[in-house]
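Both complexes shown next keep chain A, but they swap its partner, so chain B is in the first and chain C is in the second.
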Partner chain A sequence: MSSTHRRKERIDRGIKVRTDGLYALMSWRELSYLTVPRLVLILGILALPIVMPGMYWQKVITIVCIYAMLAIGFDFLAHYVGLVSLGGAFFIGTGGYIAAILNSSYGLPPLLTIPIATILGAAICTLLLLPCLPLRGVYFAIVTLMYPLVLARIIEALDVLGGTDGIMGVDSFASSWVEQYLAVTMVLIFLFGLRRLVNTDIGLVFRAVKDNDQAVRASGMNISYYKAVAVFIASAMGCLAGACLVHIYMWAGISLFALDFSIIPIAATVIGGGGTIVGPVLGCLILVPISELLREFGTLRIVFYSLILVGFIVFRSEGIMVFGERKYHQFQRWVRV
Partner chain B sequence: MLEANGLMVFYENMLALNNVHLRCKKEEIVGVFGANSAGKSTLMYTLSGIMDDIRKKEAMAGGERITVLGEIKYLGREIGALKPSKRAREGIILCPERRRIFRESSVMENLRIGGYLSTAAQASETIDYVFSLFPALKNLRKRIGGFLSGGEQQMLAIGRALMAQPKLLLLDEPLLGLSPLMQATLVRSTRVIRDQRKISLIVTEQYARPVLPIVDYAFILENGTAVLEGNREELMGNPDVRAAYFGVN
Partner chain C sequence: MTSEIILEARELTKNFGGITALSRVSFSVNRGEVLGIIGPNGSGKTTLINCLTGFVRMSSGEVFFKGKNISNKPAHRIADMGLTRTFQIMRPYFSLPAYKNLVIPLFAPRARRTGGWRGGGKLGDRKTVSIDILEEIGFERDSFVPYKIASTLPTGYLKRLELARCLALKPEIILCDEVFSGLSMSEIASMVPLMERLQMEGITLVMIEHRLRELFQVANRIMVMNFGVKLFEGTPQEVMANEQVKKAYFGSEEVEEVMHYA
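Presenting the complex of A and B:
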């Protein structure tokens, strides 16, 4: 009876098995099996500013990279440390305002403001988020969502830091190529840096914190410390993105605390595939240009946007990257059982 | 009552159940014994239909591909394609491994949730029955489920399963992590349930000795294959089985 049954089998490609260990690379074919996808990604992203037609689309690529940095941070926090962060706007705002103040009040050049804003902003974000790090559950998400709202209202109500007008006259980058390639290379550095980090020892601890924080505590490790380190890494990326954004716009205002910066990274992670780090970048590469293309539909674009998102969640909740990786590494065939 | 023929379950390419044939007659207690990873829980999930649910979730999240083959006949009807909720309505109730009680609800609430499928009269009758079966639960009815001890939780889990008015009760490792005394109590009440409620039971367990006195027929699973089956005497007569599953030489 069962001999008439078939099932679809999914097995690793031979070349995947052979190239799993780095020492087993025997031929150009195997070498390229490993390197071509990575090279396509690196060269593709590096080529993007050149192939884009016109200033407008080049700007879009920069914005894509800004969102990609946030999305990488979100993916890292959510899938490797177990902290669901809605704080994209918080990181962007903190980093952006610090860079703007340093530039406009103290006259520091972008070369200095961006690193300072990155480190200082990340430290401030981590400090402010420290109280909710020992907690498990939804609290971290709520707190990270509330901070940007609070900060925006404080700036508006007290009329500090330029109030509703914002801080104007921030220096721009030397040229548009500098700004684009800064954003693009930063995304690539963070991307491959984080992929490496999550496989080191501290990355293992991060994942352990996500899986079972009590077991980590029982092993004599302070989970709040490790969570703080992870938040510092993610917020540093967000603050750097914010600082770049301020120098691109030559302006810092309360729209830096806009919810877009919190929501789009999440959407990009869903579309790209959570837990892959690369996925969110791809998600941003798809989502941000789409939202630009739909700009002529006005606020209706939110509808298209939501439909895309819902479609992905319902039909392909694994995300593009997970799906693609599986197709690349495995093949399917029917077998009789 | 229940007849499973040629059950095969694949987790991706791993064979978890290999061509298992299983029968359970009316008002019979059937034991399924096997070590860890022998496929006991997989078998229970497959019979109750939960496997179908797990399969869909995995497919949506792009995880493991689960393949279920074979036929399950219940009261003469093929139920392989039936959803777990439909199977529960037909009377196949699973009391899951590790109890899975609703930790934040009280004992009484747990029982009432279990009685979702029964009428009000059935529910109040069964609640009384559960309390007479497990008097220990009676004083704890307001206690939050998560604060119960392991044995009390297991009693509650069985009580909750009974509330659904099962015709076939699947007990997945009911004795897991319990003291010998509690094990004996539960085994005794299992037989009482069968005798008084006139239902069939399938009980899985790693260690056969405590359960053996009450089973009418038993299967032994090894690596997903049913290597041996027989009634109590036949199994006790087999020296390998005695050593491996009953702990006697």
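Presenting the complex of A and C:
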């Protein structure tokens, strides 16, 4: 009886309230309350390549970062602009092929191919997605899913860009340390850059487009323009990831358009917690290594993988980061009603 | 009052499939006046606003704003010229606090060009400016209402927020779609002086209303619509005395007679 008449009450911790809006931090405790979680994340990610045993796991960390860049982009588009994009493979493929062509045909070093592939690839992706920007929700998702499938088939059927063999002989990075730290620092830059962006005025416009695009139009703003800017940002991250991937594998092929690049970022966002931007990175840090660990189970890998995903969705559907933030900022107690 | 025509619609027609929502509606609004539009439900009032502001493409007809033809221009282009509207069903940004709701229109090209509100927009801090606008329109600063998330605000505040979003653009004309509906008597009583003050500041108002008593207080001219047709236009006194208007509102004995107007 009594159990039905009580409920859980959540109250913000005093230190959270004190450090929230006021920027006059009074003590080391308040200072560390804000900085320690961020420092743990930054130092933790930076230390990952060093603490990993052996080449194999270092490679895994790089792949984690590739997926993390895609997942950050997905989270940004889905939760801050309202565009559910399944275009991860599209971005990876575009960026990857551009980098590969520039490197193998024109002999540009990775130092040049990666920035060019990022900007040019993002421009191409945005241009191709421009006609479907008025679409929303699942319709946009379908169109973005269509592009990688179509491009892969075109390359296969017309035998252009190396056809099914792909483009071989792409330069690798100078050393594996360059490769790892490039990926890791890019993830950190995108992570904190985007967290800053969504709280600036233009970030508020993005969030407004998600909440209510008609009201944004009524304010005299072209929503297609702002959606295009957001897609450009997200696809730039994807194309950068693709360009890095090509130089890591030293090969570009139609497997760059594989659906893994579209699906795993979504799974990572669900596990990590959507709308936090950090969450998807944590999600990738969990999902990708698990998938590697399960490799010895052969085809059963997918079964275990699915079970883990379902477990997360059923028991912690809000995502790790949302859950963690709540525990960090609030305390709970039972109150009688 | 100057008699310069700021907004003019000529033979405006809108068909939704086979249904004629608006049929050859012509009217004009003078700068600085308050035009009320009344009519029973489904008479095409909101469609009229949607057509004027470019949210719905009209089937035929022309709209002129300050002498320029704005027929079927994109909605954001029309809003950018200073022809703004509120929505009948409020469209705030639910996940944002009230004052951040206003940062968005203050970020718009028009607000930046016009220097924003009291010269704040271009270089000033948009958040401070937005709280100023909200205070002006009835969000008490001391009670922290401007800081509340929009989804937790009651209807009265959301209606004011709709108006504030238009005001942030420094509009020349606001088309108000039922700003009084869903409000309590006391809330309406506090909105009326607000509308009067907007008129004093030189903003032209077009108000769709069902609250006739309050509308007749504010409006200079009233346009009556029924079945997508302009039925009558005149001063509030003339409207109240008109037989056709009474029939449209209170119904008529013979069905044919109503259909005659359609």
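One rule holds for everything that comes next: the second predicted complex is superposed on the first by the 326 of 337 C-alpha atoms of A that agree within 3 Å, B and C clash if a C-alpha of one lies under 4 Å from a C-alpha of the other, contacts with A are read in each partner's own complex, and residues count from 1 in each chain.
Here is the rule we use: contacts are C-beta pairs under 8 Å (C-beta built on N, C-alpha and C of every residue); 3 or more make two chains touch, one makes a residue touch a chain.
This is a predicted model, so every value here is computed, not measured.
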| request: Would you sort A:G298 into first (chain B), second (chain C), both or neither based on which partner it touches? | output: neither
| Partner chain(s) touched by A:R217 [first = chain B, second = chain C, both, neither] | second
| query | Regarding the shared-chain residue A:G137, is it in contact with chain B (first), chain C (second), both, or neither? | reply | neither
| said: Quick one: is A:G54 in contact with chain B, with chain C, with both, or with neither? Answer first, second, both or neither. | reply: neither
| query | Where does A:I202 make contact in the superposed view: on chain B (first), on chain C (second), on both, or on neither? | reply | second
| message | I'd like to know which partner A:G169 touches here: chain B for first, chain C for second, both or neither. | response | neither
| On chain A, the residue positions that both chain B and chain C contact, one per complex | none
| request: Enumerate the contact residues on chain A facing chain C in the complex. | output: 201-202, 204-205, 207-208, 211-212, 214-223
| note | In the complex, the residues of chain B that touch chain A are 5-6, 8, 10, 12-13, 19, 60-63, 65, 67, 69-71
| said: Going by the contact rule set out above, which residues of chain C touch chain A in the complex? | reply: 53, 55, 74-77, 79-80, 84-85, 87, 91-96, 100-101, 103-111, 126, 165-166, 168-169
| In the complex with chain B, residue positions of chain A that touch it | 1-2, 5, 7-11, 316-319, 322-323, 326, 337
